[in-house]
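What follows is chain A paired twice: with chain B in the first complex and chain C in the second.
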Partner chain A sequence: MTITSNTGAEVAKAETIAVTVDGVGIEVPKGTLAIRAAELLGIEIPRFCDHPLLDPVAACRACLIEVEGMPKPQPACAQVLSDGMQIRTQQSSPVAREAQEGVMEFLLLNHPLDCPVCDKGGECPLQNQAMQVGRPTSRFEEDKRTFPKPISVSAQILLDRERCVSCARCTRFAEQIAGDPMLELLERGAKQQVGTATDEPFDSYFSGNTVQICPVGALTSAAYRFRSRPFDLVSVPTTCEHCASGCSLRTDSRRGTITRRLAWEDPAVNEDWNCDKGRFAFTYMAQGRITTPMVREDGALRPASWPEAIAIAARGLAQAGSGAGVLAGGRLTMEDAYGYARFARAVLGTDDIDFRARQSSDEEAQFLAARIAGTPATVTYEALERAPIVLLVSLEPEDESPIIFLRLRKASRRRPATVVAISPVRTRGMDKMAATWLPAAPGAEAGVLDEIMSGGSLAETSMAELRDRLQAPGAVILVGERAADVPGLLSAVARLADATGAGLAWVPRRAGERGALDAGALAGLLPGGRPLTDADARDAVARAWGIDAGSLPTAAGRHGTPLLQAASRGEVAALLVGGIEFADFPDPSLARAAVTATAFVVSLEQRHTEVTELADVVLPVAVVAEKAGTFLTWEGRPRPFGQVLREDLAMSDAGVLSMIAAELGQPSPGDVPALRRELGSLGPWSGARATTPGVPAQAITARAGITLASWRLLLDSGAMQEGEPHLAATARPTVARLSEATASHAGLAPAALVTVSGPRGSVTLPWEPAEMVDDVVWLPLRSPGCGVFADLGQVVGGEVAITPGGAA
Partner chain B sequence: MADLPQPVRGFGVTFRTMFKRVVTEQYPEDKDKYPPKPRFHGRHQLNRWPDGLEKCVGCELCAWACPADAIFVEGADNTDEARFSPGERYGRVYQINYLRCIFCGLCIEACPTRALTMTNEFELADASRADLIYEKQDLLAPVLPGMLAPPHPMAPGTTERDYYANRIKGAVPDQAAGSPAGQEGS
Partner chain C sequence: MAISEATRGELAELAARYPRPRSAVLPMLHLVQSVEGEVTTDGIHACAEILGITPAEVTAVSTFYTMYKRKPVGTHHIGVCINTMCGLLGGDAVYAALQERLGAGHDQPTADGMFWLERIECQAACTHAPVMTVDWEFMDDVTPASAIDVIDRLERGEVVQSTRGPAIRSFAATERSLAFPDDGLADEGSSVDDKMLAGLRVARERGQAAPAIPSGQEG
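On to the complex of A and B.
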């Protein structure tokens, strides 16, 4: 409802109508619902089914009001106002009040009133509204309807059918918002109940939202069931640490333990929703935590005091100096990433730093430096919603940035065929976004983009038409982090964006990547997108850091694979490692070798990992709930958040780095406000940027074998999903996907297993036919039973072999 | 008498009192002679159903009602392996802090299952703060004859409704077979 621009205000003004609510006149935009007009006047009408983001159904009848000139009370949530309409709510109309009381009595007939054992008790719209507009006693004396106690609609979502008021919020959410219509209202009359249409579970990445919007305790989550009451909870607005969608969340904790997380309303980003990973994956924070610093002595780690550990870390790192390297990891808050960026340059004097713990390339680093780092948020969620066309390149939003998926689905419900996706596989997510699928084998995507530029044709899609649509104002190209897998792809994306004028945004998967990029945690880049090789940029940064510009490195350092290779040869004197997992790197054994071969390794970690086992000094750091910070969404929008668990004294990464710096006599800020101030004082870079990479699209050479396509599913073997079995059980099954032709060519029987082999090993798993490019196999990148990098030893776009793997 | 000097008149009061009925109660020597009134608000008790299962469902309504914030409850799921109360939910953690409690009894009124009542026990002094936080085991009613200490299953063929309708009269052998305690005993 916020009107920002002048023209918007004028348009809105031209279309307003005058109505009266309870005798008070108000002007509202044409098409406003009665319930919204009453809200504007601060008059609350009871409601269950009404939800501002769902289509009205008037299912519950709790909101009945009197409308002048209509014989019977009308539901306010579906009553579209017309000019001059006079409505009366329960505040001024006995008719409305009596109607509402009657409906409430009716709703309570079959309601079990088992509030004491119901999770919604204490925050239940039915409790509250029964107190407001219900009659004190019920005239119902017969037996209430009962159902056996909760049934699981999925491993995570439980349904107590007798509590349901048949408001159809959950079913409408599933159908309209998530596009997973597996919850349905079944039966009629007193037997009416919510259920899954078939015996299949409610399979949705967004299922937790139904628990949040259910106005009664009919839908509850296995994770939060019986955990606490609303009055126990301390609630803090936070930002999700799981992906670059950047959802606003509300984190509830009880006596120092997080009990649940909810989606927090933010119309600009996640609206009222979030995904199940962000909602349920928080138990990892309490598991396997490192509680005390550790140092290596005689080959084994032993607990040490903070001063001792800091002193040893400082000594070792100072000895290495500019010979040290920094692997920051992509999960950091922007302030922490800035801490690493600053520590590397100002204290160590090295530029060998990278935050990308995944498949990455030099071309990508150059692309990011040229086009993304430090740029303001221009392509936003709102822009996606309005865009005449959104071209997705190497991005599967449902898995890799769920809120982008929800926005694109929202846009596509109004304007189908907005989304065009270049991918080897046609996915369920694409269908839900009504997307046009442009098939491209892994590695061939850049060629397809060039094809669009030159206006050729591919399958039934006219490329010239696509190019014209991309030239329309507001057109958007979204490129995922996986584009780094394909040489020439990011160059081609930039070329296409330049040629068409379409907006371009880069969508990393991890929550910390965009912030780390803007904070300068990448070789060659100083904070705010400043090129390290630019003397003016170095001067500005040195001034802000209070050091001599001459002490900053002047030549861009190594990153990604070259840095790891050098380290594995023992050429890096020391490594400072943040939160990384070896299995995330395209060559996990190279990453392990890098850490093993380096003489001195300092690991800043939250939990015991493979890295901490190998490190010489381990310094425990705070998890996201124990510190304040900021994540940048993929748009570049800052999402600051506060500290949830205040009892904890764990220090953030930047805090620990500042202690090491102080030990070396080089004070640097360590607390969040100071880091924000310093980073803010630098601001974005306005000088010359790196040049956009011009790597030509690869020619695809015909290949005898099968090409590997892969990305990470939303719910997989990620370390930050540990300790939540109900969530893990809702993950999509680990299956390979192949086209029918490829499968029959390889002699795979339906419903049998397939063995996919790479240079290092093989995985055997069930397979599913899919609409996809021939001679390509799709595997989940890091799901239980299938780790592409670790098990196969192959990268995405590489060659694998498929053979029948026996009966399932 | 009015002419006597004041100090002597004072002794007169003492002398008269010697012939009056003594009202002083000797505590603790004679405490059983003077039990508190039946409705006296003493230490709380967490009651059991006649078969020994706990009545508390861990709903926290008592904690919510408490004006002194003296009660801490954490609910949990009953499982087939370990059932503490009829139905789905039981109170896993139950604490009353007697340094805070003002014995108002609002918690008793709030309890939907009559799990929480008050005894007449008033001797609630102790030497440390920690000892005055009573845990569930300190508050639970004793396992009387005919009861079986949980965890054990509900009476065969019953649901929690039968418990609430007072149709359970005591533990039956089948329940003992299902309980770890019962297996030990047999």
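On to the complex of A and C.
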């Protein structure tokens, strides 16, 4: 018998076996563990070490059950059921109950009775299960084991060893899920304890998950320790705003202040995990907030009332009209991005709009319009897990989309060599995904893809074999936003996907980018992937917006660098600016010049920034916790979320834009339900799409200097990581990476510093030898002490010089 | 102390002996002890680098097994079995005498750093209980007096012959043999003596034999 899965592929129905749990018969798939079969019947067996996503270890022995025919109780978490097996839990077996009570008494021997001051108290599996299956008294009268407390296993994660029950959840998570086996069970017997190597902390982007899965209060975070009691918290399901992975989170707050965030289970996306940025980086929301509208008067900003500020903003923007430009930024919710897209076209009558506050290109805009905008989620996390091959182009998942990294690592544990990565550097992340590294200098990636198409060979990897593998059903190509750095790369990616039939997905870094794209916050694109130049598309949008189609712009506007250049020449009459930072643009001074040279600038911002300093009207907007909204994952999967801080009155970007529109007599939706309704009524575009770009791969000309490779580390100088020093202390150090040959050619001494110079300036930092393409230097794009765009004035793939930088 | 290039080469040689290099972590840690006198942080890093695993993983192994020490052991490791058989037959008294003689407690070095005293678990030498080990070589049927005599002679630099193996060398030499067992000393001393075979002799005299293994359960 077969069933049809939602991907259309036929999968064989799993073979089942019949077992009996507490006298109740049930059919379960072959290979099911006793503890899972009991769960299916609603029978809860106590457990600490068991976790459905970790390999069974049977370390804590709390789940002992009676198995017919076996002389001694067996751990249900590791007992694989076979056909006809009869098991009895504590519900029907005195033997199991006594065994469980005994183990519980044993686990509590050394466990301190400090629940009243323990962070886990109130949500503690040990506390709960001790109440359920424990004995009321202990026979242990000796001194309990104590340790100096706590020890830091990293700058963020603290360990109170006396609370540990040695379940090995944290150590298994570190090894199996994160691939960072730096947390281990040390010593033995009564001295057994979790710990790290003497001089090497638990260095993992996913370390916070260990705190969440610790079934006792042994692991805590420096950020949350002693901050609140779980029963005082108000919990709201949310979506992470830090990247396009789209993790489901639970945000806890107490009296209007966020105290912590947890990964919330979502098997389709983040399973049970999230990254440390998503977990700990929320304090930025309280940093440097703008609390009142401000208007510029006699050259200086002064506080203003909402009606006054709205009126001034409306007047200035209306004057500019179709001469205005919009820089929306990539951090918006889809509803807010839609607000900008709609406001630009319907109210201002301009199509000069872009959400990409980063390196971008015309080719990219065309690629997104042709292949990505408004398309349904076909390449999903599940598809990644099943794919026979995943080709990564300009994407370092561990830094740029951590949940993709976890899913690919999960896939690689079952099927090594699934992942193939084209990159100038072989990274630790690639090793953790058991990836095959295809070296390519920055700028040469498109050539490598064409090489795959033509079946040549490169660095002992058969390109013809790679091409054949990409033709297999379910093959996937993931291309990161950095592909926009390389002329011809996105064209080559599309070409390869078309030639092989591989699924293609674009992975932006920021959480709002995919939603902004689908909402139409990019020149030439209306909501749902509709080409602005298509009359039918304009008609449909005008109908939904209740305006005359003739009032919409008909020619695609400017975006990216051309838009900034025009503004810097004073050719843009007004700028409406969302949350952007100049340092994110490949030419920060051009971005600054664009805002400076524009006569009238309206800034919608959460906090005081370089943009608000230059703006004529500043309108404060809500941070993500103060509003409801939706992020689209890189897959295109909508991730709606509710408002965490419900008493907060801060307005969303779309709400503020709606007020300006109303001031101009053009009512438009400003609240989330109405925005969702209107956007939903438009739906995706089914008409003709833009043509896929056909930019040829650039020929690599030999250059005397060194080529710059770079991407953003997960934890870096990002504005949304401010105010969380423990998290910042777990960031990877700012180091340059070079091949041994390149370093020795440049005369760099081991453990010394290197100076990397570009057109605007230089950075001096430590360097590390790495397995990478020669004559290339890799730098973190925006880390403390190294801002590639701002400090060097060079773009990725550009030429830099390296010289010895003195002693470290 | 930094691990020398020569030692790194030998560590790599050990790693290359196994289909999965990490299987070599035990002999590699013995080699580290032979050159460092203990499992040092440098030694842990060297093993981790060569095996492609993390220092935490090596630390986990090195703290699990009691033969790996995180403090300098000194010239000689002195072990006294205190398990049931040896303990009852005089091991406890031997240990107490040595503790007083050396001024060191369990798993501790002497003040001069020459000896390391440890209560050890069963060495599978109950025939010659109580046993003491010097650098893991057997000193059989010891008494408090004979044990102290061994210490005295070692202190004077005299040759001390193991009752069932080679002449005592040093902790470092034994640790090296544990890493590279092919030290040519396997045939030194008698591995089997009359006392060990007493039970077999009695059984033969009385015609006793182990029951046959039921068919189907061999091996």
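To be clear about the criterion, the second predicted complex is superposed on the first by the 793 of 808 C-alpha atoms of A that agree within 3 Å, B and C clash if a C-alpha of one lies under 4 Å from a C-alpha of the other, contacts with A are read in each partner's own complex, and residues count from 1 in each chain.
The rule we apply is simple: a residue touches a chain if its C-beta (ideal position, glycine included) is under 8 Å from a C-beta of that chain, and two chains touch if they have at least 3 such contacts.
Bear in mind that the values here come from a model prediction, so they are computed numbers and not experimental data.
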- Task: Determine, under the contact definition given at the top, whether A:Glu187 touches first (chain B), second (chain C), both, or neither.
- Result: second
- Counting only touches as set out at the top, which of chain B and chain C does A:Pro237 meet: first, second, both, neither? neither
- Does the superposition put A:Pro52 against chain B (first), chain C (second), both, or neither? neither
- Task: Tell me which partner A:Pro562 touches in the superposition: chain B (first), chain C (second), both or neither.
- Result: neither
- Message: Just checking: does A:Pro29 make contact with chain B only, chain C only, both, or neither of them? Give me first, second, both or neither.
- Response: neither
- Message: Per the contact definition, I'd like the list of chain A residues that touch chain C in the complex.
- Response: 180-188, 195-200, 202
- Query: Which bits of chain A are touching chain B when the two form their complex?
  - Reply: 115-117, 121-122, 149-150, 225-229, 231-232
- Message: Show me the residue ranges of chain B that touch chain A in the complex, using the header's touch definition.
- Response: 57-61, 63-64, 74-77, 87-89, 112-113
- Query: Tell me, which parts of chain C touch chain A in their complex?
  - Reply: 41, 44, 48, 53-60, 63-64
